[in-house]
Structures are given as structure tokens and as C-alpha cells.
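You will see chain A twice below: alongside chain B first, and alongside chain C after that.
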Partner chain A sequence: MANVTSTAAEPERLQLLRVLGPAHIWALGVGIVLVGEYMGWNFSVGKGGMIAGLIACWVAGLLYTCVAMIDSEVTSTVAAAGGQYAQAKHIVGPLMAFNVGLFLVMAYTMLEAANAITVGFLLDTVAGMQGHSGLNQQPFIILAIMFLAWLNYRGVLATLTFNLVITAVAFVAIITLFIAVQFGASNVPLDFSAITSDPLPYGWVGIVASLHFGLWYYLGIEGTCQAAEEVRSPARSLPYGTMAGIMTLLIAATMTWYVCSGLIPWEYLGQAGTPLFDAARVTGSTSLMVLLFVGTTFATLASANGCINDASRAWFSMGRDRYLPSWFGAVHPVYRTPYRAIVFLVPIALIFALGAPLDQVVTFSILSGLLGYTFMTFNMVMFRNKWPLDTIKRGYVHPFHPLPTIVLLILCSTAYFAVFLGYGTQLSAMMCFYIVASLWFHFRRYQFVRRGDQFTMPWPKPQGY
Partner chain B sequence: MAYKPPKQSLAGQIFDVLTLLVLTIGALYIPLYLGLAGAVKVPNPIANPTWEALGQNAAEQQQWAALGITDPAAANDIITARFDYSFSWAALIVMAVLVIGYFVMVVRLSDREYREVIEERFGDKKR
Partner chain C sequence: MDTWNYLEYAAWALSALFGVLMLIDLVRIDTTYDNELLISSREGEIEATAERHEI
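On to the complex of A and B.
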């Protein structure tokens, strides 16, 4: 990729490499999210019971289908690194963009921390099965984060090719477990009696509450558009890769619920650290246990890998635009990666991975994601209002507007209430964090931002301005 | 005339990064560390637990055994733990005000900034 001249004052500015195709986009999206099938989703069963867990899986699937439709249209038009961050900058304004950048960084960094916690927990479980209980998980957590940060530092193509391979293995592991159980590979029978004997342990409110962790099945799929500046053909690859990712995840999520709910008592499943691996343990098949151990390890590593990729792109973009100190906006002269952003986010991930419980870290990630989805609703309406369909060329136009937006807003509101049920303190803490950060940006940081540089797309003036 | 932002010193850049770090850790990590935040899931263990008393059928007992739990007493807390979903309407209203108020504030302040951006970006063409 050649260097380009950006301004007269800045003779050369290194650009990210355009090397990715639709398969990489699929791998980036599914790679980040597939871990949601391997851990975290099952807390939705804990919050509402088996049926509530399944309903949450499908309702969350509907929410993310709306997200993918909306996001594909805007991203195929605003093809710039930072994804939703770049969208907010062009459509709503700098403060919204700063907030969206923080949503992305927090959602992905917390997800990365959750993945590292799971790696440590899985190794501890396996060590315990081998008679070595009490394994110190911390070295493995640190090693996982440091290794993946190094991989990201070295280059995006190698990173996402690595993701493509390990994501495929993790996906095949889920399908294999599902088929093997169907063909009687399990010593213990599938048992769904709790559906009739204890259908809704919390009543209908449990179904709403379970939507909180139902989001975890798919959280992060919107990360596909973080790589918009590194994709060879954004208008084609981003919608195609994102929609293919959602379909993959819907299938995997339903199979996961079926196998885990059938093999694990719902009370245990609702608090398990590695549900798919536990399901394989219940089958009594050593080969399935090994496969799901590998699948869980690969899924967590792929997810953490993608998270580092996405969080660092968002942080990098904010640095480049001076929303954060411009020192973070540097591209590595050899590897062409946002290396300072990658390195800076490592200790933040480590603090939460080493010191916070899994469900709390997952909740912080979900909350930041949820705030981002709420932003997408009014962002979509403003996008269509400021630039109607006939004013700029879009790579993809999503159908039935504004229905997906309305559905998304209703589901987001329900999800806030779901988080409030049981995790209201975290919700309040997070809102206070974003409010204070917003005031800090508007009254302190914004003075360093070049106004005209915040609008770089070759679009006409927005209507109404 | 395009707005010319002041040049930020290295010390200023470090100060800004530290501010964000303190915000992140202060608002999110310290409440967790001090145990002020957390899900309200309370075990209600029963006396003299048996699998039958805990509502576990034969297949579920097999599943518990495969997970390494053969003693019903060890599963007592897991099986009987429940969230408490009772809530105060006042707390719900406060949460709604926080979320809605946050978005209203961000969109309004953003719009002020956005007008400056548009003015500078398209100002020349207008003239």
C-alpha cells in the first residue's frame, strides 16, 4: 500500500493496509462472537430458566439482525477505520463519536478480559480433572493477553488469518458435539424435563431478565466494520461478511442451547464457566472433551484476538482525530498497525481480567455494546434524514426502514430493563462513567480537535445545516 | 477562518490519558473491588438435602455425577440460589432518567460541535 499525502502540513501519513476480503470479515465478526456460545450466554439460563434462555437467544438474534442491517448500510457508505465511531463523527457529531469510540473500546476490552478469564478457568478445570486442583490461573491470563497483543502488533493479515483458522475449528467443534449427541455418543441422555417441571422459575419477568445475557450470544458482530479501512472492497465485503456472520451465529447459538440444556441441569448451567466443555464432560466421551477443550480455547483466543484488533482501531482513530492525545494515532512504520493503541490497552484488559468476576466483566461489555446499539437507532434516522437515498451512493440499502430501527429501539429498551434486574449498580456506574467522560471531552478535550477535519467523506452538505 | 487548535504539550497529553484511566478504573473497577456492585443471587439451602428434595430426577442426577458432583449437599447452594427481581420504581425511574438524559445531553452537545464542523467544512463553498 502506497503512502498518501494527506495535507500540505503533513507531507506523508501512513495508511492501514487494504488486504482483507469477505472471509476475513466473517472471521473477524464470528471470531469475536463465537466465544459467546462457549461461555457467558448460559448466565441467561441462570437469570430466567431454560425456556427463557432459548427465547433470549432468538430475541437477541432479532436484535442483532437489526444491528447488522442498519450497520451494513451505514458502514458500506462510511468506510473508514473505527466503524461506528467514524459513522458518529460524520452523522451526529464529535462528542457522540467520542462516546461511540469509548463504547467500542470498553465493550471489546472487557470482552477480551472475559476471554482471558475463561482461558484461565478452563485450564484450572482441566487441571482439576487431572488431579491438580488449585491451578494458579493468573500466569495463563497474562500470557494469553500478551501473546495476542504481540500478534496484533505484528500485522493485521496474519492476525485475522489466524482468526479464520481457529474460528473455523471452534465452529466445527460445536457442530460435531451436536451431531455426536444426536447419534448417541453421550453416556447420559438428553433431558429436557425441566421445561415442563420448572418452565419459568422466575415467571415471565425471568424471560425479560434473561435477555441481558442473551446478548452475549452475538455481542461484537458489529465489530466487522472496524476493519473498513483495511478491506479491499468495503461496499461488498462488509455487508456480506456481517450478514453471513449473523446467520452462522444464529445456527450455532440454537445448537448450543439445545445441547447444553439437554445435558446440564439448568441450575448448574446458569452459573457454569465453560458450558460447552461441561456438556462434553457429561457425555463421557474423551474425544469430545478434547475437541471442546480445543474449541473453547480457540474460541476465546479468536475472540480476544479480534477484540484487541477492534479496540485498538477505535482507540487509534480517536488519537488520529485528537479526541485523545495524538500520540495514539501512530501507525507502525514496518507492520502498519496501530501499535501504540494496542500496547496501551493491554494493562486495562489485565486489570479487569485479573481482578473482576466473569459475570461482572461480561456485564460491562454488554452494557457498552447496548449503548452502541441504542446509538445506531437515532444514527440511522439522522443518516437518512441528512442524506436521503438519492443524495449519496450507498454500497447497501437495508430494507423496510424504519422498521428495523424501531424494533432495535424497543429491544434495546427491554435489554436495559433486563440488565437493571440484578445488575442495576453496574448500569448506574457505567452511565456515570460515560456522563463524566462526555463532560470532560466537551469542556476540556474538544479544544484540541480540528473542526473541519472531522468530516472527510466526499458527501454534499447535510440537509438542515 | 478555520479553527486552529492549540498545540498540546507532552505533559498535557499524559494528563489527559491519566484522567481517562482514573475515570475507567475509578468508576468501573473500584466498585467491583470494594464489593459495592454485584448480582443479587442468594442461595436458599434446604435442610438435609437429597436429590429428590432438590427436584433432580434420575437423568439429572447422572448429569450432576458426570460434572463431578455426587453429593446433593454440594449442589444445594447452586440449585437453590435465586435472583431477587423485586425492585423499586424510584430506582427504575432514576435509571431511565440517567440513560435518556445521557443520550439527550450527548446528542445536543454533539449538535453544537457538529455545526462548527459543517460550517468549517462547507463554509468556503457557501461563500
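On to the complex of A and C.
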């Protein structure tokens, strides 16, 4: 048995493998998110017009830049699988940690299901273009989930190297489309006249409403820190990978808005299923069309792949700390992956992918993500208060504290309102679910937690304690 | 029956294959290794932890 930790004083232990570098972290973060450039973001244009779509793109970009900065600082210090769950456990407390763990698992599993649904939709579109109507999407949805789960089961290095390649191809496809259109490869010229002729079709409320789908450009970048226990140098690689990831996404998001808004009338763009692919079709270039179809498919698979990786790490970490049955905290002795957590989450993803409509699945994912971002605001304040800069050395210190935290909290509040405008019932149902789960944890589950073992960071005593 | 119909059958078969591969391996590992070893993982530490916390 290779790489098993053992000393004379301690029995042998299985650990996750430390084999990843900054490029894998970039691939994990951008891979999860880039599908949002290929689809979903454009509903923000439908909610408020072209200008609202651009404002949503940049406001959400600001929100996620705050998320990336805050997350980079904390996770460069709390480098453990589970990411924000481990942060909450060390900085806030067990009940918050349990909730954050659930936010993570729900957000990523729902996103994985949404991606699998999209794979089925894409293949149905291609089959339709080839004259085959009524494609049964189910086997392709199931295959996407099963193949990626199997890949995750077999090892993290192969999984995230695969993600690196397909994410890079998807990103290059967006840049290629942008450059090709700029240099006149399109049959249809860029047209931004709607900005002046129809600037805000639904007024200022449209801008607020569009923010809901603006989140789609960047949703999931915080997932980079789930790889903390598998990266060779977490204090360096996690901030590098995360910050490079958010910069990549800001560039890709702005290019995407520019190309799609210039080529496709906003009324159509606001309800398109695959806006970048549709923009490539509008150019009349077959090679661009093929490239963007490949980009769309790869972005979708990369996202689902990263989601399986992250959801399983969060579930595994909770099992390891006895927040869930300890059976889930197992590591594969050969592949060094959290194999039971990976297998357990497969049927849950399948249930949502096969049984729930796409917009509901996406909304539940966004809501769980938003709850996680809200947690980050007070988590950051508590972290700086309990362990000021001169008590713990950080791998990265984010600038202008507490300004990013305040901005993040304001933007999260605005995003809640935006979601409430369209999906108030789902927001309420989600809150009820987390309240019931919290009660279960507090009254039933916490008695099994090994309270002394769960705090693993060798930090000094917090200020004020 | 065209290519897409065959692809549907291939997708079903591959899905079953990946699922069975995972389940067989899971059962094999769980019956081969002691559960205490399998759940022996501890939360990770950053390299050079001692150095990092000496300001």
C-alpha cells in the first residue's frame, strides 16, 4: 500500500493525495464556472435589457472579486478539504459549519445536475439539426454523471488534469470567437444600437432583477478551496489559482456579453438556451460554430466534473468530523479519493437531473451559493478580530479590509431581493430546509461529534478568549 | 433505427458499466480493508506549519 502515513507512535493513516498545483486549482475554479458564460447569464439581459445585462456582469464580478479575495486569505490559512466548511468550523462554530457544509453540497450537487441536463439538451439540439427528432436525453444525462463520478473515483490528478484541458479549450473558444468577430469574420456586423434606442426596457427594477442571473457568470469560483488537502503548496497555490481564476472569468464574462449582445438582438438573447453557440451560428462560420459547440460541451462537462469533486470533499469532511455518519469519511486506499462520498452523491444528482426542471435546479444552486457568500462576510470579520494579522501568518492578505466584506454583504442583500422577485417560494422553502436540518444537527447529531478532535489548526488562542 | 438510436443504447450500456465498476470496487475495498483504516484520515495541515505561525 503506497503513501500511507505511519510513525512509530501513531497507527497508519490514509490521507488524500497531495498532487495538485496552481493550474489544477485554476481548472477547478474556472471549470466549475465557465459554463455560466456559455448559458444562463443571458437571462439577465431578458430581465432588464442590454445595459442591465452589462451592469449585472460587472456588479456580480465585483461581488465575486470580494468572494475570491476573502476566500483566498482564509483558505490560505485553513487549508483543509471541505473549504468553507472547515473555515466555519474553526472560526464561527459547529452549527454554522454544518450549515455551510450543506450549502456547499447542495450548491454543487444541484449545479452538477443542471450541467447533466444541459448535456442532454445539447445532444438533443445536435440530433435535431441532423434530422433526428425526439432524442431520449436520459441515457446521456446519466452517462455524463456516471462517467465523471467514475473519473473522480479513480483519482484527483487525472480528474483535474482532464478539467484543465477541457476548460482551457472552452476558454480559448470564447477568445477565438471574440477575435474572429473583431476582425470581421462574421456575416452580421456588431450592433449595439439597442443601448441608445432601448436602454432600460423595464426601468431600474430590471437592473436589480437581472442581478440574479448575473451571478451565473461566476457562480462556483469559491470551490477552489475544496482542493486544499490535495494541493502540494496550499498557502501559495490556492490564492494564485483562485485570483487567476476570477481574472479569467472577468475577461471571459465581458467578452461574452460584448460578442453576444452585438450579434444577437436582446429580445432573443434574453431567452436563448446557448447564447455563445447561437452567436457563432449568427456569424455564418461553420468552423466557429463547431468550435463553440465543442466549447459549450466541454464547459458543461468541466463544471459537472468540478462539482462532483467539490461536493464529495465537503460531504467527506463532514463525515470525517462525525457531523454525518463516519462511514462517509473514508479514503480509498489505492486511489486516495473520498470514494464513499463520491458514490453516495451519484443517485442524489441523478434524482435532480432526471426529475426536476432546469430553472428550479439552478435557482436552488444559486440560493445555496448566496447563503455561503453571506456566511463569508461575518466569517471574515470574526477571523480578523479573533486572529489579527500579527498573530497568524497568512499565505495571502486581502487589501482594504473591511471594505470587500461590506461590499459583499450589500451585494448579497441585493441579490436576495433579486431572487425573491422571481423565486420567492423557492427562497422560503430553502430557508425552511436549512432550519429543519439545523434543528436535527443540534438536537440529534451533535452528540456524536468528537468535539476536541475537530479543531485541527495549530493557532494561538483567539483574541478575547 | 439510426445512429442516434445506437448512441442511446451505447450511453445506457456505458452508464451501467461505470456504475458497476464503482460499486464492485467499493464492495471489494470495504471487504478487503479494515474500516478503521479506511476512515483514519485526519484533517490536513499546511506544510511548514510551525514556521508559518512564528511572526
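Couple of notes before you dig in:
Just so it is clear, the second predicted complex is superposed on the first by the 455 of 465 C-alpha atoms of A that agree within 3 Å, B and C clash if a C-alpha of one lies under 4 Å from a C-alpha of the other, contacts with A are read in each partner's own complex, and residues count from 1 in each chain.
We adopt the following convention: a residue touches a chain if its C-beta (ideal position, glycine included) is under 8 Å from a C-beta of that chain, and two chains touch if they have at least 3 such contacts.
If you're wondering where the values come from, they're calculated on a predicted model, not measured in any experiment.
Annotation: superposed three-chain arrangement on chain A; chain B versus chain C shows no clash, the two fitting side by side. When chain B and chain C are set side by side, the one touching more residues of chain A is B. Once the two complexes are overlaid on the shared chain, A:406 sits clear of chain B and of chain C alike.
Once the two complexes are overlaid on the shared chain, A:185 sits clear of chain B and of chain C alike.
By the document's definition of touching, of the two partners only chain B reaches A:197; chain C does not. In the superposition on chain A, no contact is made by A:397 with either chain B or chain C.
Judged by the touch definition given at the top, the superposed model places A:263 against chain B, while chain C stays out of reach.
By the document's definition of touching, of the two partners only chain C reaches A:329; chain B does not. Vertex at the C-alpha centre of chain A, arms toward the centres of chain B and chain C: the angle is 110 degrees, rounded to a multiple of 10.
Taking the two complexes aligned on chain A, the least Cα distance separating chain B from chain C is 13 Å.
Overlap of the chain B and chain C interfaces on chain A: residues 326-327. Only residues 11-16, 77, 79-81, 86, 127, 130, 132, 135-136, 139-140, 142-143, 146-147, 149-150, 153, 228-229, 233-235, 317, 319-321, 326-327, 329-334, 339-340, 342-343, 346, 390-393, 395, 456-460 of chain A touch chain C when the two sit together in their complex.
Those residues of chain A that touch chain B in the complex are listed here as 46-47, 92-97, 99, 106, 129, 187-189, 191, 193-194, 197-198, 201-202, 205-206, 209, 263-265, 267-268, 271, 278, 281-284, 322, 324-327, 344, 348, 351-352, 355-357, 359-360, 364, 374-375, 378, 416-417, 420-438, 440, 442, 444-452, 454-455, 461-462, 465. Contacts from chain C toward chain A in the complex involve residues 2-4, 8-9, 11-12, 14-15, 18-19, 21-23, 25-26, 29, 33, 35, 37-47, 49-50, 52-55.
For chain B in complex with chain A, the touching residues are 2-3, 5-6, 8, 12-14, 16-17, 19-21, 23-25, 27-29, 31-33, 36-41, 55-57, 59-60, 62-64, 66-69, 75, 78-79, 81-85, 87, 91-92, 94-96, 98-99, 102-103, 105-107, 109-122, 125.
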